[in-house]
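Can you read through this structure? Questions will come right after.
The first chain written gets the first letter, and so on, giving A, B, C, D and E; residue counts start at 1 in each chain.
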Amino acid sequence: MTRRHAALGFLGLALVVYPFVDRNNSHVDFLANAGAFILLALGLNIVVGFAGLLDLGYAAFFAIGSYSYAMLASQQFGIHVPFWLMLLIAPVVAALFGLLLGAPTLRLRGDYLAIVTLGFGEIVPQTFLNLSQYTNGPNGISSLDQPSLFGHAFGFSATPYYYVLLGLIALGILAARNLQNSRLGRAWMAIREDELAARHMGINTTATKLAAFALGASFSGLAGVVYAAKLDLVSPDEFGFNVSVLVLSMLVLGGMGNIWGVIVGSFVLSFINSFLLPQSTSLAHAAGFVNVDFTNYRFMLYGVILVTMMLFRPEGLIPSRQRAAEFHEAILDPALAAQEQSEYEGVAR
Amino acid sequence: MALLEVDGLDAFYGRIRALEGVSLRVAQGEIVALIGANGAGKTTTLRAISGLMRAAKGHIVFDGHDIGRLGPAEIVRRGIGHSPEGRRVFARMTVRENLELGAFTRTSGAEFAEDFERVLAIFPRLRERLTQKSGTLSGGEQQMLAMARALMSRPRLLMLDEPSLGLSPILVQTIFRVIREINERGTTVLLIEQNARQALGIATRGYVLEVGKIAFEDTAANLMASEAVRAAYLGGGAA
Amino acid sequence: MALLALDNVTKAFGGLVAVKELTFELDAGGIAAMIGPNGAGKSTVFNLITGIYAPSSGSIDFDGRSLRGLRTNRIAARGIARTFQNIRLFAFMSALDNVMTGRHARMGASMFDSLLHTPRQRAEERRVRERARELLKFVDLERAGASYARNLPYGSQRRLEIARALASDPKLLLLDEPAAGMNPREKDELIALIGRIRDSGVTVFLIEHDMNLVMNVSERVTVLDHGEKIAEGSPDAVRRDERVIEAYLGRADGAA
Amino acid sequence: SGTTTTTTSQSSSGSASAVAGATVIKIGIDMPVSGADASTGIPTRNGAVQAIEEADRKGAPAGFTFVAYDLDDAVQGVHDPAQGAQNTRAFVSDDAVLAMIGPFNSSVARAEIPITNDAGLAQISASATNPGLTKGPDAASLRTSHPDVNSFFRVCTTDDRQGAAGAQFARKLGLKKAFIVDDNETYGKGLADVFDAQFRSLGGTVLGHEHLTKGQTDYKALLTKANALGPDVIFYGGTTATGGGLLRKQMRDAGMAATAYLGGDGISDAEFETVAGDAANGVYYTVAAPETSKLPSAAGFVAAYKKRWSTDVGPYSANAYAAANIEIAAIEKAIVAGGAKTPARADVLKNVAATNGFPSPIGPIGFDKNGDTTNPILTVYKIANGKGVFVDQINLKS
Amino acid sequence: MDVFFQQIVNGLSLGGIYALIALGYTMVYGIIELINFAHGDVYTLGTFFSLAILTGLGVSGEMHGLPLVGVVLVTLIAAMLLCGLTGVLIERLAYRRLRNAPRLAPLITAIGMSFILENVMQLWHGPSPISFPEVIPNPAWALGGVEVSAKQIAVIGLAIVMMAALQLFIYKTKMGKAMRATAQDRDAAQLMGIDINTTIAVTFLIGSALAGAAGFVSGVYYGTTWFFNGFEAGLKAFTAAVLGGIGNVAGAMLGGFLIGLIEAIATQYIPGGAQWTNVVVFSVLVLVLIFRPSGLLGESLPEKV
């Protein structure tokens, strides 16, 4: 307990002083980008990890968060809502869209939900693209309002965003933990295990699942605001299926359902993705190996990570206790799996 | 030589040892009862015999051949029928289709028709429900179907895992009667029952499992008479 | 006034009438049983009461109010709890969490309480955990609190399911074949447990095929056959009823 | 290779002061080189790398060596503005980087320009053709830190010029009714929008303007819709990869074999002929550069490229090669002027901005005050026997 | 009116390809309840295999008569076989170990396999589109004002034939029955004497072979392919399968044709329709699922407690 707290305190301190130690702004920039993905992953973890709802279109909410900042804090419509206020508004907007998507579809059984969310993930960015009179279509919306704090504009340094994200992640962790150990968190777990029995406990399964969708979406909306402000730009091609899968992979890699696992997973994949591969390719080129291109094997690498993780350590790097048990004991017990499967057949009304 | 010989079986679920050195034999024509408390390992024993799980140690010899390494499908083909715990009927298939699947390993159409009639005669309720999806049958109806389905493969050794579970008293009697009849027609039976009294009532011999080990093994009559078995498994209630 | 009243309830699945014009009342307090051949419609009656199915016709009143149109979770909140013919615990949740989940309907924490862990929420969690511990003890599982439900032995799982159902302080507890798969010794324990539940003021309504148990615990027995009520009364009266013997018990005395 | 740079920390507003002892000069290259974008990203990068290698082999003044520092801006196989921004910051943070090439895509450029503007780092794109990057209020808004300084240049003509040239040419051919299709991407839609406006203003009729959905491969429904309106020409704004080739190919199946087809430089690649097959013949396209066959330098480059990379050039390889050479020249000039010290970025930027009449495979290049090329000569080709044949040259300056 | 009917033909032929892919999807789903994300890529692999075989046979242009029939048959069958084997291999490597794991696990390996296949194909032919030789002559007939080409008829016909064959196979053969049993309860199926490894392997063999057939057809029909083809096609096909009721063979075909039709009609009658096709398709999907949660032909089994 105390050792754990000490370790956390140390980690927190290290993260706070980091930008003072490493003066390379691109590193801080990378960390800030990774931070946005950590925030995304924390949110998706609520939906998939806690409530067990497979959402394959999570990037849509990211898009909604980003675009709401772009539309409400830029020259686009001449509206300039302050960044800090948007941190409150965008999550609510995203959550509302979460409800909008969830309300008609949450009655669907797992895989149907997956495909509908996948479709939602396709059509949201597509709609932003198509409504070009409001969104500038493929060009996206640029030169968004720069946040400022006590009169200091953030400018083009990644550092202030880094701190904003650090704070948001800390809050996100706290929120996720609180949720997990609460009436709502138990209800999610129960629904995941046996929806019908959960209903007999008095759990309103639809409302509970909607809460997961809305909360998950709000994290995504929050990440969207910071990401858009930091990038000073939104464009519709940033929010494709790839992003949804990337975030899902982060959960899988780190350990679904486990907050720290999810954070580690997102950091590791971000690191590989936007730092290790491009940089090492560049190094190889500089060293004369001009035909080496690690980035081109990105998909291969992801694929291999996903497959081998699932085969050999399906509970992730830092698993949740419950998930680990589900994976391991269930693997041992075909009987239970089959029973669950046949119960699953009974489509709840 | 016995039809089925199980020797020194060890089985694990993860790190949990479910069976420890279980040995038993079932001779041709016998009804052997396997009784024991919940979690003693009865189901695990049957699962190991029919190949649904692999024993860590020990030998399983059926009809003179070691079947310990064979898959369940092959074991069924060799003549072991297994009506599993929890009914496990094919929920989205009709009663008729379930029965057809019971005869999956058999090829003769004539034999099939004959067996079909025979099991429906035993369980007339199933005849009324031939086209119902079996997932919507009542618990007891599913139990009948599971047993009927196992009979369709004309096994030489029929293993039944708690066949009377959830059945009405009248059907419990029917089930035990049917087991006896099947046996009289030449099918050897290995029976797991919580209803130990009745099981021992029709069995020739019995084994008592306690936490993964065979604790007693004797003729049914002797087991019924044994004080230790009575106290633990036959219950104090008046019979 | 009756705690539970079914009035002329019919449930048909396609052409199959599982429950037919069933009328009966259950008074508060005490233990009642429902027996009947397999497929008679007993579980269906439970499913109608708990809102899994809606009656094709007829009405069900609980505690003086109609249950019509209520969803399962609302019915549970009204004070009807149940166990299942096939155990349906939350397999990978601890026994304690299972029981705490059973309390869901009686808890007030909103989404925001859950998110923020307000003092109110924390106090409630503490109370609920305490109550859950008591219930585990009540069903003799005080040492199993931390185990995953599915790692418990079968008999314990049955009792855990009962504890979970009791967590919502139900007025009515429905038990669907609670003794199935239990050995005689476990059945004796179960009989004692059901007695304790009755003594705590919860009305118990159970389905069971084990005549020993039914005759031992219940004060009133309803017999169903082909979805219709064919007999009703004290255990002894029912046991001697010709139609019951014919349809259900069999000639050679059904006591198992 | 193997040389290390000694770096001193510097303020992020960044006019690099000369660093004694440093011998390596890096040129940053940011392109999408993985996944779906790799097909055009890699050849473009190769062009730039080739220029840097040649310069290094030739030897820079005062013993400096040139190194390419190339990064991928695709994430999960798709070009990504945030990754582009991160890469640009990596360049800016590395004192040895004095200039950069890229990005490929206009959307990525929007994320990068504010950063190079802030750092005063010269940036030349080979292919980002969206007008708003250099012109008008849009461009001004990208120059956030130093509104009066321009750091972004490009050697390609902008979409507005190409769209206008296409419209002029179509009218010149006497085509009256056009049906416009674009791929709904920055480049394609920009091109198509300009064509749309110009074609109308030149007296043509636009029967319809549709945008494709990404990933679509079956255009029969769209073509049936178009055909029913009886167009003289289908104008396509987009690239081969986003549907240009298939669209042409399926015109025949939709009974439109006789209808003219016109596009921009997005379909000026060998792939177009591959995909469209026989149907490619008769297609017109514009290219935002003079006819290279008339410039001997192009032939040399094409051959050298083939030798170096064992493949044919991509549509923007020569542009990237030219862009890199401009930067190299600017750097060398600054070295000489600064007395063999590592030049400051500001000096390099000044030299780049002053580029005029710079000889390159794609013709002489100069930059106007916005950073656009002063060489708005466009060429129209027609495909015959699977090859683009020179048809017309349009000079928009006149 | 002619335009309307022409769009119907367009929609049906596009839908035919979706249907062919959807058949394999739905079949695999029906047996192991897995959204086999890699299926779309196996389909693309089918185009690659077909091209390789055509190239191997030295085919470069239009053929006629007996040689045409021979080439088509050989290529089709070989592509189906190769894809089928690939499917079996994928199942063996990536899914078998996870048969009893929670449902999310194999879904994620499926996404992983999809990435791997895409990358392999990219290494094989590079990231650019590649083109097919024009093997089949493509006469077209005008029926009234509506033009129908031979290829279109072939696509639609093949989808129907394959659907019917699959339906027969699943409901009339012993193997089919074994598959359905395996789908519902693997242990119990084994106790019936069904070898579930074989059964599941055969499922993948057939499902993937169908993807191979779809690959061949689309390669010849569109004359081009590239490594990333499978994503969009797979997505649409899966949507088709869900729309029709996943696990249901006739439903997959119905869903495929419907989506093709929706796309064609939306393109024609919505102003600027081409950019809205996906939005319309998914909106229709959501609407259908709201009113019929298990798809158009999907069966729903009320829960029995």
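Here, a residue touches a chain if its C-beta (ideal position, glycine included) is under 8 Å from a C-beta of that chain, and two chains touch if they have at least 3 such contacts.
Everything quoted here is computed from the prediction, not taken from an experiment.
Taking the definition of touch as given, a chain qualifies here only if it contacts chain A and chain B alike; those chains are C, E.
Centroid analysis (C-alpha atoms only) places B farthest from chain A.
Note on chain placement: the centre of chain A and the centre of chain E lie 31 Å apart, centres being C-alpha means.
Computed centre separation for the pair chain C/chain D is 73 angstrom, with centres defined by C-alpha atoms. Rounded to whole angstrom units, the spacing between the C-alpha centres of chain C and chain E is 48. Annotation for chain D: residues 35, 38, 184, 211, 213-214 touch two or more other chains.
Residue positions of chain C touching 2 or more other chains, listed in rising order: 13, 43, 52, 84-86, 88. Counting partner chains per residue, chain A has residues 126, 129-130, 196, 245, 296-297, 299, 302, 326, 329, 332-335, 338, 342, 345-346 touching two or more of them. Within the complex formed with chain A, the residues of chain C that make contact are 50, 52, 71-74, 76-77, 81-82, 84, 88-93, 97, 100-102, 104-107, 109, 111, 113-117, 121, 124-125, 148, 150-151, 164, 168. Residues 1-2, 9, 12, 33-35, 38, 42, 49, 67-72, 74-83, 85-87, 89-93, 106-107, 110-111, 114-115, 118, 130, 132, 138, 141-142, 144-145, 184-186, 188-190, 211, 213-214 of chain D touch chain A in their complex. By the touch criterion stated above, chain E contacts chain A in their complex at residues 29, 33, 35, 93-94, 97-109, 111-120, 122, 184-188, 231, 235, 238-239, 242, 246, 272, 275-276, 278-279, 281-283, 285-286, 289-290, 293-294, 300-305.
Chain D makes touch with chain E in their complex at residues 35-36, 38-39, 181, 184, 209-222, 224-225, 228, 240-241, 245-246, 249-250, 253, 255, 271, 274-275, 277-278. Within the complex formed with chain B, the chain C residues making contact are 13, 16, 35-41, 43, 85-86, 153-155, 177, 180-188, 209, 211-212, 247-250, 252, 254-256.
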